[in-house]
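Each structure below appears as structure tokens.
Both complexes shown next keep chain A, but they swap its partner, so chain B is in the first and chain C is in the second.
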Partner chain A sequence: MASISKAEKAYVQSSLLSNPPLRADGRGLIDFRTIALESGIAPIANGSARVSIGTNAQDGGGGTEVVAAAKLEVESVGDGEGVDGGRVVCSVSCSPTAYPLLSPNALDDLQHDMTSVLNATLSHPTIRPKNLCILPGRKSWLLNLDVIVFSDAGNIFDAIFMAARAALWDTKVPRTKSVQYRAKKSDRSDATQAMDMDVDETAHVGSALDTRQTIEVADFELPDYWDEGEPLNGRQAWPVCLTLNLLPALHFLDATLQEEASVPLKLLVFYSFLSDATPLLRGMRLLGTGVSDLVQVNSLLKDGEKYARNVWLALEGKLKDEDLRRNQKARERFLNR
Partner chain B sequence: MLSFISFSSQHTDSTYHRSTRHHPDVEDLMDVDDDDFSGSEPKLTCPGETITSSQAFMRGHGTYVDKEDVIASVVGTVERVNKLVTVRAIRTRYNPEVGDLVVGRITEVQPRRWKVDANSRQDAILMLSSVNLPGGVQRRKLESDELQMRNFFEEGDLLVAEVQAFFSDGAMSLHTRSLKYGKLRNGQLVTVPPILVRRLKSHFISLPCGVDLILGLNGYIWVSKQAKDNDQGEEGFDAEAVYSNQNDDIDNATRAAISRVGNIIRVFADHFVPLTDTLLLEAYEWVIEQEGDAKYLLLGDTGDALVAAMSIRG
Partner chain C sequence: MSSRVELINAGLLRSDGRRPYELRTISINFGAQGTADGSVTYSHGLTQVRVSVQGPHEAKPGTRRETFHDRATLNVEVQLAPFGVGERRRRGRGDKRLLELAATIKSTFEPVVQTHLYPRSTIDIFIHVLQLDGGLLPACINASTLALATAGIPLFDFVCAISGGVHGTQPLLDLTTVEENDVPSVVVGVMPRTGRATLVQMETRLHMDRFEDVFRVACDAGKVLWSEMRDALRERTGDLVDKLEAGPGMVAVKETEET
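Presenting the complex of A and B:
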């Protein structure tokens, strides 16, 4: 993304290819910059998170900064765009301050590219969460995951996916109860009854030969308005992204803008891990003008899985810490009220 | 391999809001005399703070007039020249002066000129007639030179130049008419806020570890391997050498030193410490004494310790 001179590019490449490999800021090939993460930053959203890689600790400037927020919306299955069981739609928008040298059209293109990478991986039906259904066949939740890029100092995809995973981890789905409206036969006035899904056989008046299973449940309500809800299902499924920057002989992680401009090919791998640590490869992308071959990609996948596992475990630990911290704060506020 | 931290929360000083604070000049609005302004510490001000009465003083850059007061519109130091009050902003784009040394990056190639990004409000302009053409410093410009401008400078190239003059719209006009100016190679660029680079006698600094620094006044700092002084003189001006993109062979020790110096500069920039050659020399010696890898400077504690050590000494 950054323009770089031929001499700078040659310097970066020769430093990496020297023995031992040396990066511009002295990091190792697989060292990340410090990553700061905070969840629950947008109280209006159902789930949100903010991730920044490599920001300056003194004033919070510099670095890659990304904010993700998940918002739930009700949509109708059938006549609406809804899918039975709910769906997830992701979008990435880039703030113009992140890319001051790009024209608005180029910025749109970039947003579109990032959206397609995020959408292809996270909106996939195989990792759709199970608790997005409200009324089967009628109403379901649409989860809008919006990611905003505020500044880009390299390694943007890792940041986007980390923020997305953190926001989805933080998302709470409101509990709903289905409601049925039925006219009382005796006094012909409408009365509402909260009922279970099964139709009450005894109250149903009609021909005994009528065996249609009419779904009479028409609407739903929130039993507790103030309840945030239950956590979104499928936390083990949201993948982390790992960007492997490839030079012909080696690969490295967490590139700065100069390093990204000096590298002809990048491999993005998306891994998620089950609770028994089995890895699942959720997707893969090659970006850039260089070429690779199957043998190299295979060996890179093995390395990528190792690094992704480290990122996964570290991220999981941090998310649990965040949950603790926020519960702690809520408890203190309650005590001091 | 990687570590997660939390965002540092802005600590609000509880004593800050306890009492209303007035700018010292507001308290004696009517009789502002010379003693208040001269000879004292530079006064810091924030946007919205009243500086003085507009009856007695004219307003300059960084201020505006509201009813009868001159109010600051930027964060900075208050300066006064006779009856003119200005506020010089702290975090601002580079404000060029004639004769400044700047490091810039070519953004566009236009007929007979290049557009150079110099971290200022406008792109600077480097005219074809302001560069040294290969074959001798006094060589005349040919038609073929105009058509082959990319043989000299391409988009993305880094160069060091001096501000020659200003165009009528305020854009800088640069020149590289000296053997020490020209295309940069064998190193890496570090960016800091422009205000941290002080005006020094010489902006070409040579550190004992074999690292050369070029402190551009626009905040772009070039850290590179030490250039061999070969006395070419005016006649032996070799095009192959000056406009080439080929780096020299650099050994690992020098590369590590370049990384270390780059990290030191970044640490000082993060802590908003102005850069001078003596400071960088002492900082480098301190870092060598610590015997850590270059990357440990990126960790917050080492950086804080470095700044603390330097402020004790300096």
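Presenting the complex of A and C:
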């Protein structure tokens, strides 16, 4: 988003292309800045996470900071937009602090662009969690994933997807119990007697051989239970994003704002790595004014897979750590207090 | 048993266990946010706001005609995180309630910020509400005061705001959402050094005889808030001074250790 002069651009490009490549903060081409993640930061949401990339250790400023939170609401299937089996809707909003130079309209456009990338990848029916369904054909959960960009110091898409994955990992779906209303046998006979109507009683009694059972679940209730519910089904499947910044001869990862402004083309790849299965490419986007060709994209996808796997593994480890910190360790601390 | 929540019980305790004049816990965090000049994360009970201040700087292209030749303009923008309220509702930039809130904050700070020092420039106050449980306007105002102070913008005085209400004949301070929905409420912003009020806002009906009680109590509470806010700012400034004094020497020591 930073606008830089031609001279600055040439300076950044030539130092990246020099041998060995040089970056302003001394990183190698495929090194990331420090990433910090914390989950469970919004108590009212069903799942939430904060991710920051490259904040300086002294005061916590200067990096990319993104907050994501998932909130569930009940939706009726059929009327309006409700879909049988639930749906996921994502939105990204940018704080004006992140882009102080943009006018409000430009900011709207930018958050719309980010929303479309996130929504296209995460709300796809193939990765929809199974337990978003409450009553088949009648009620389902609508999962709203809201991402807020608080500051952008480059590599925003990686941060958004990391935060989104962490928030969805953290999301707990409340347990529901289907209920069905049925008048008691005795009540019904009382009622008919009282009304003194000529009703054929046998008409209510089905044949003993009739094994068909029509289950008419009318509504659901939330049982009172000590925890917040169960995690989303298939939460391993949410993809990570990796941004490859392309110069004609090379690519590099985790660009700062200046570096982003001096490359003509970015390739976003969204991968998910399920255990022992072949990695799944969930989508890709080519952003920027430059052009690329099939051969280059092919080799980039291979490289991207390699880097994305590292990001995936690191994130997976951190998410498990966070689970441990927030459940087991918190319980121990509570007991030993 | 009535279905309504009992706002004050026989022992004069409120629904969250506070006494009528008791304030909720305040925490103030001056952690930097991106490229902002001054920033603060302020939580008051379960209400949490992030405020960052940028400026004074030249107005953005397109808004330059809104500047004044003799003073700076304040630009206040309020955003509400969709997940921060009980019922999720997306409020866009044009939402009337948020615009009104922003206008109130702007008019509160216009007499307090020394805008005449920065002609033809803009001071941006960006407010992000992360969580909401009553007392939104006071939280925004207190956080903005702190953020303006950390950004080094000259102020005539602090603005300390607090909400107050009346239940029966009992004045209450610092209302939660539940209480805000049920009792008449007043928001008072005081300038504690001069003892003047820069904001009094009331959207509900309140008996005239009761108003004075609430107003007095709220003004006193403003002074209490002032001491909290001043202490937090002092601590931060003290930290900065320590770093400034120790600065180059510390770095040199670190380098020698590494080599």
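Keep in mind that, in the parts below, the second predicted complex is superposed on the first by the 298 of 337 C-alpha atoms of A that agree within 3 Å, B and C clash if a C-alpha of one lies under 4 Å from a C-alpha of the other, contacts with A are read in each partner's own complex, and residues count from 1 in each chain.
Throughout what follows, contacts are C-beta pairs under 8 Å (C-beta built on N, C-alpha and C of every residue); 3 or more make two chains touch, one makes a residue touch a chain.
Quick caveat, the model's predicted, so the values are computed rather than measured.
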| item | value |
| --- | --- |
| Fit or clash between chain C and chain B when superposed on chain A | clash |
| Chain A residues touched - chain C or chain B, whichever exceeds | B |
| Which superposed partner A:P125 touches (first chain B, second chain C, both, neither) | neither |
| Partner chain in contact with A:D25 - chain B first, chain C second, else both or neither | first |
| Partner chain in contact with A:A69 - chain B first, chain C second, else both or neither | second |
| Touching partner for A:D152 - first (chain B), second (chain C), both, neither | second |
| Touching both chain B and chain C, residues of chain A | 59-60, 62 |
| Chain C - residues contacting chain A, complex | 31-36, 39, 46, 50, 52, 54, 60-63, 77, 79, 81-86, 88, 90, 93, 124, 126, 128, 130-131 |
| Chain A residues touching chain B - in the complex, by the definition given at the top | 3-8, 10-12, 14-15, 18-20, 22-28, 30-38, 50, 52, 56-60, 62, 254, 258, 307, 310-311, 314-315, 317-318 |
| Residue ranges of chain A in contact with chain C within the complex | 42-45, 48, 59-63, 65, 67, 69-71, 73, 91, 93, 95-98, 100-101, 103-104, 108, 144, 146, 148, 150-153 |
| Touch list for chain B against partner chain A, complex | 1-8, 105, 107, 154-158, 183-189, 245-247, 250, 252, 255-256, 259-260, 262-263, 266, 270-272, 293-295, 297-300 |
